[in-house]
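You will see chain A twice below: alongside chain B first, and alongside chain C after that.
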Partner chain A sequence: MNKGKNLFAASFLAPGLIVFIGFIIIPIIMNFSYSLSEWDAIGSPEFIGLKNYIDIFTNDPGYWEAAKNNLIIVFFAFIVQNPVAFIIAWLVTRIRRFSKAYQSVFFLPVVISTVATATMFYIMLNSDVGVISKFLAMLGIEYAWLSDPKVVLVSVIAPQLWQYLGIHFIMFLGGIQAIENDVLESARIDGASTGCLLWRIIVPLSWPSIQMSLIYTFIGCLKTFDYSYIMTKGGPGNASSFIATILFKEGFMKNHYGYATAIAVTIFVYSLVFTLIFKTVTKKMDLN
Partner chain B sequence: MKKLLASLLCAAMVVSMASCGSGQDNENSNGGGNEGGAANIRLALQAEDPALPLMQSWAEENADAVKLDIETAAGNDLRTKLTTDMASDNMPDIFYYWTRSSLRPFIDNNMLLDISKYFEKSTKVKREDFSATDFLAVNLDGGETAYGIPCGGSTQLLACNKDLFDQYGLSYPTTYEELLEVGEVFKENGIIPIACGSAHGDIGYFLWSSILYQYASVEEVNQMISEPDAFASCDGAIKASEYISEMAEKGMFPADTVASGDFDGTLALFNAEQAGMLVATCWKISGIEVENTDFITYPKFPGAKNDPAAFTTGGANNGIYIFRESFEDASKTDGIVAVMDQYCSDEVMSAKAENLSNSKNLPEQPAFMSEPTMEKFLTAGESLDLHMAMWALMPNVDSREVYMDLMDSLYARQLTPSEYLSQVQEAVNEDLAD
Partner chain C sequence: MHKAKVCKAAIYFVLSILFLVNLFPFWWVLNTSFRDNTAVFTNTLGLPDSLNFENYIKAWDIGNFRQYFVNTFITVALTLLICIIFASMAAYVSARIWKSVFLYGFLSLGLMVPTHVLLIPEKVILQTLNLTQSRLGITLVYIAVNFSFSFFIIYTSMLTVPKELEEAAAIDGASRVRTFFTIVLPIVKPGLATASVMLCYTAWNEYLLPLCIVTNNNLKMLSQGLNELKGQYGMDYGLMTAGIVITVIPIVLIYTFLQKYIVAGVTSGAVKG
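== the complex of A and B ==
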């Protein structure tokens, strides 16, 4: 009987497992192998050991400039995007009327194509003709938003933090709504202020969703590419490049596929290390 | 019963997933194959290629003889698509691509057909039908072997909005000093003097190249990209970088040289009459909507050794190429010849002449070449010598990408001219050492 059940379960798991292994696991393994080679996409890859990694860490200032930009976007995503998304989610749970409408409004940017959104901001931030840049110029804030190295990173980061705020909003909303009402009612009866309720009860009890959101944020910020490439091609120079932009340029513009896959491996390693460390360090914060 | 139903559903899922994959394999494979006698030929073109509708209708009419799959990508994305195809061992049989240094990886790996073999097979198209000069772009290092058929290229002049010049009582500049004076008047009146910037090098490298050749001969330019440390020490390169930087400093370009600096951005500014002048490349002429547009050669820069009124820069930027392995596949040879014959026909090449992406000597001038703006452009450029723009001359892809990427920083004043030149020189030296 058990054997039959197991076989039955396996037959349903098999297609998904085959897809997962074929499209995720095997390419990751192949990626590791290509990262140890020099390959221009023609002919066979030539094994060169760790040379690509040595070059990345010792001989590629563009990579480190891009990595710094990744850290900057992670920083702003952590201290601006996530808190704002959390507060909005909390406020939406306190609204009785039209809360569904608010949820739709805040989530709407997420479903718009990234290419369309990036192109829209590319046009709006153009300091020669763009409506946002003209408006800011009227307020005395005048920059070449997509050419000035001092501000181009802001131009590329802000729209994507805005677009993806909705994903974190939904995650936090789910976490907050999962808190039992009795707990909140008890706290209110005991005299807890709104701030106390938020900080001492809601945040700790929705920690799993916060944790997931922060991990998702970090990985997403490491992989970010679209806005940088569409709005500025990572320029001028590497002023608005991220690691994924460098990866794209090395692979698809310079035909350095081995080097590009080594860069991809570094993204994977950073994501994995952060996830492991973060979950370990914050384990005790999960009151559930 | 439930278990049986569930098992059937599971099996159906597996079968449908398997058949999803097999359908795509047949379309993308370049490993030969006929469907009922018709050769499967894959042709990759730019989405904006004027030849596209004609090739599509030809494909429909000749479906019995050739099953032609046309794959497209917009502009420079075609390069990315073909790089991906190359990496996945899935090259199209015939493809539109760029020239000179862009061909090096293909040529070094023996992927391109010596085009003389196509000419030997074809009864309709001959090498003599095309511009001999343009054929220099489809080989490397001045070698005799041509690896494709050139498809016109870029020539460029400075387009001037006559109405704006008349409105402010200005004459077309013939010297750098006059250019700056014109620029001052335009700036005072909220007009961008020159619609030119740099988004991954486009279109800024045209202006850079035009200044380069005022100070360097063709031989000196060839030397600077073939000898170590010659790029940054070439007087033409130094002057070009310095004057670009100076003009950017003086506000001669759009404020946002990256966002407004590429082909479409600059054309939009010019058409909106927000710019007085435009670095006008030939394939954008048909997009100029300003009725009273005149075309002039570049002003002479201080101390220039070569008269800019005698030359323009550009050259055959693109060509149509045949994947060697496909041509040597007996089941595909005739199909490839048929498709190439059609692409190189007078009808298709006349259509391509719309954006001057045609190198064929046509029996009749296409009608749109008599349109006023196009006619002015052709007249202004007809007796000029043509020098290759730097983009196409760089020794290999790596140094070319560095040259183009850092051009953005030069226009955006993020790099000084000497910093720009030294970084490009480093990349050139690395390519020459390989």
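== the complex of A and C ==
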């Protein structure tokens, strides 16, 4: 009987396992292996140890300019996008009518292809005839949004934060709605003001959703590529590039496979380290 | 009490403004897609004179969107079918037969891994297997990339299948395969639905992945096609917005009817790597 069970399990597991190992596990190993070699897509990889990584950390100002941009988008996501999403979620929990309609519209941008939204903003930010440029110009804010190095980063970051606000909104909505009404009621009866209620009770009690949002934000911002590539190709220079942009340029435009895979590894490591540190810190906090 | 009413009104007001501001870009794109480009440049916000589909026809033919749409549709459909079947089979084994934490962890590894780490290796693998110009090769990569997430979602659903049902089926003489298809799968339908909708949405919208592994013009996806349209017709706003609408319509349709599955998938806690 057991043999039949094991045979069945093995054959049911096999198809998925084979595709998974062949196209996920093996590529991961390949990536690490290539990152330790010099390979420009011609001939075969030549082992050079950690030289690619050393070059990244000592010899590549473009990478660090891009990394700085990643930090900038993370920063604005944390202090603008997420709090705004939280407040909107909280407002939606305070009303009864049209709630579903608001939710649908706030979440809608999330499901739209990034190429579609990036192209949309590319058109709308066109210096001469773009709807948004013209509107801002009316308010006295006039810039070459897609070519002036001083503002390209804004042009590339703002639309993304707009698009993904909906995800955090939904997460926070779930987190706030999970708070039991009794807790809120008794606080109100005790005379808590709205601000106090929000800050002292709702925020701490929606902590699980805030955690999910923070991890999602950091890892998402770490991987960002589409918007800058589509709107400005990362330029001018590297002004609106992100680490993934550098990866693409090195790996798929210059064919520096070895170097590019090393960059990919840095992205992977950053996300692992962040998740590890975050989980450790929050575990300590939860215990308190 | 009066204060509470004013508060409520203010909240509705703020939410409504945000609602309209959020919808504005979509309205503008849709509106512009029906207009003649010269009209767009004279008055950005004007309504079209008539419901004219010229831009859509142009995008479909000259812009090659017909090919891109078909490519994306076939790839996503094949990926959906194969990935969901493979993932549910693996989830069944993992949740109900070989209940090892290592197996579960191993198959979920894909959740932690950013696609960026797979780009160059996939390209090399496809070149080695001589599959770069084949839909099969591209679909295999898509399946793999969506596997862990589908597995994770369906696995969670699998845990809710009552053991008694499987045992009863075994006693009744049903083969394991039949039990899987006729008893287990129907019970995990919500998980299947969430995994399927999420897969459609992610796979349809993929950009970086096809950008790196699909170089044959006849196999390119809508996302690539839209960006390339910009190269030649970037200033033809009517055409560009029509392209955007074509790219976006299937997902908006899925969203309209199946929103709850996307929300469930996004809040499942499986931060997609």
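Operating definition for what follows: the second predicted complex is superposed on the first by the 255 of 288 C-alpha atoms of A that agree within 3 Å, B and C clash if a C-alpha of one lies under 4 Å from a C-alpha of the other, contacts with A are read in each partner's own complex, and residues count from 1 in each chain.
As a working rule, a contact is a pair of C-beta atoms (placed from the backbone, for glycine too) under 8 Å apart; a residue touches a chain by one contact, two chains touch by 3 or more.
Since this is a predicted model, take the numbers as computed values, not measurements.
**Q** Pick one for A:V105: touches chain B only (first), chain C only (second), both, or neither.
**A** second
**Q** In the superposed arrangement, does A:D148 touch chain B (first), chain C (second), both or neither?
**A** The answer is first: A:D148 touches chain B but not chain C.
**Q** Taking the superposition as given, does A:V129 touch the first partner, chain B, the second, chain C, both, or neither?
**A** In the superposition, A:V129 contacts both chain B and chain C.
**Q** According to the stated criteria, A:T232 is in contact with first (chain B), second (chain C), both, or neither; which is it?
**A** A:T232 sits against chain B, while chain C stays out of touch.
**Q** Between chain B and chain C, which makes contact with more of the residues in chain A?
**A** Looking at chain B versus chain C, the one contacting more residues of chain A is C.
**Q** First (chain B), second (chain C), both or neither: which does A:I42 touch?
**A** In the superposition, A:I42 contacts chain B only.
**Q** Which partner chains sit in contact with A:V92 here, chain B, chain C, both or neither? Use first/second/both/neither.
**A** A:V92 contacts chain C only, not chain B.
**Q** In the superposed arrangement, does A:I26 touch chain B (first), chain C (second), both or neither?
**A** After superposing on A, A:I26 lies in contact with chain C but is clear of chain B.
**Q** For A:L17, select first, second, both or neither according to whether it touches chain B, chain C, the two together, or no partner.
**A** second
**Q** Taking the superposition on A as described, I'd like to know which of chain B and chain C A:A260 touches: first, second, both or neither.
**A** So A:A260 only meets chain C here.
**Q** Residue by residue on chain A, keep only those touching chain B in one complex and chain C in the other, then list them.
**A** Shared contact residues on chain A: 8, 12, 15, 19, 122, 129, 251-252, 257.
**Q** Contact residues on chain A for chain C in the complex?
**A** 4-5, 8-9, 12-13, 15-17, 19-20, 22-28, 30-31, 34, 88, 91-92, 94-95, 97-98, 101-102, 104-117, 119-124, 129, 131, 134, 167, 170-171, 174, 212, 215-216, 219, 222-223, 225-226, 230, 244, 247-248, 251-252, 257, 260-261, 264-265, 267-268, 271-272, 275
**Q** Using the touch definition up top, name the residues of chain A that touch chain B in the complex.
**A** 8, 11-12, 14-15, 19, 40-43, 122, 125-130, 133, 144-149, 152, 231-233, 235-237, 239, 249, 251-255, 257
**Q** Where on chain C does chain A make contact in their complex?
**A** Contacts found on chain C: 8, 11-12, 14-15, 18-19, 22-23, 25-26, 28-29, 40-41, 44-45, 85-87, 89-90, 92-94, 97-98, 107, 109-110, 112-122, 124-125, 140-141, 143-145, 147-148, 151, 176-177, 180, 201, 204-205, 207-208, 211-212, 222-223, 226-227, 230, 234, 237, 240-241, 243-244, 247-248, 251-252, 254-255, 259, 262-263, 266-267, 269, 271, 273.
**Q** Okay, in this complex, where on chain B does chain A touch?
**A** Going through chain B, the ones touching chain A are 3, 6-7, 10, 13-14, 17, 79-80, 83-84, 86-87, 105-106, 108-109, 111, 192, 197-200, 254-261, 265, 268-269, 272, 274, 397-398, 401, 405-406, 408-409, 411-412, 414-415.
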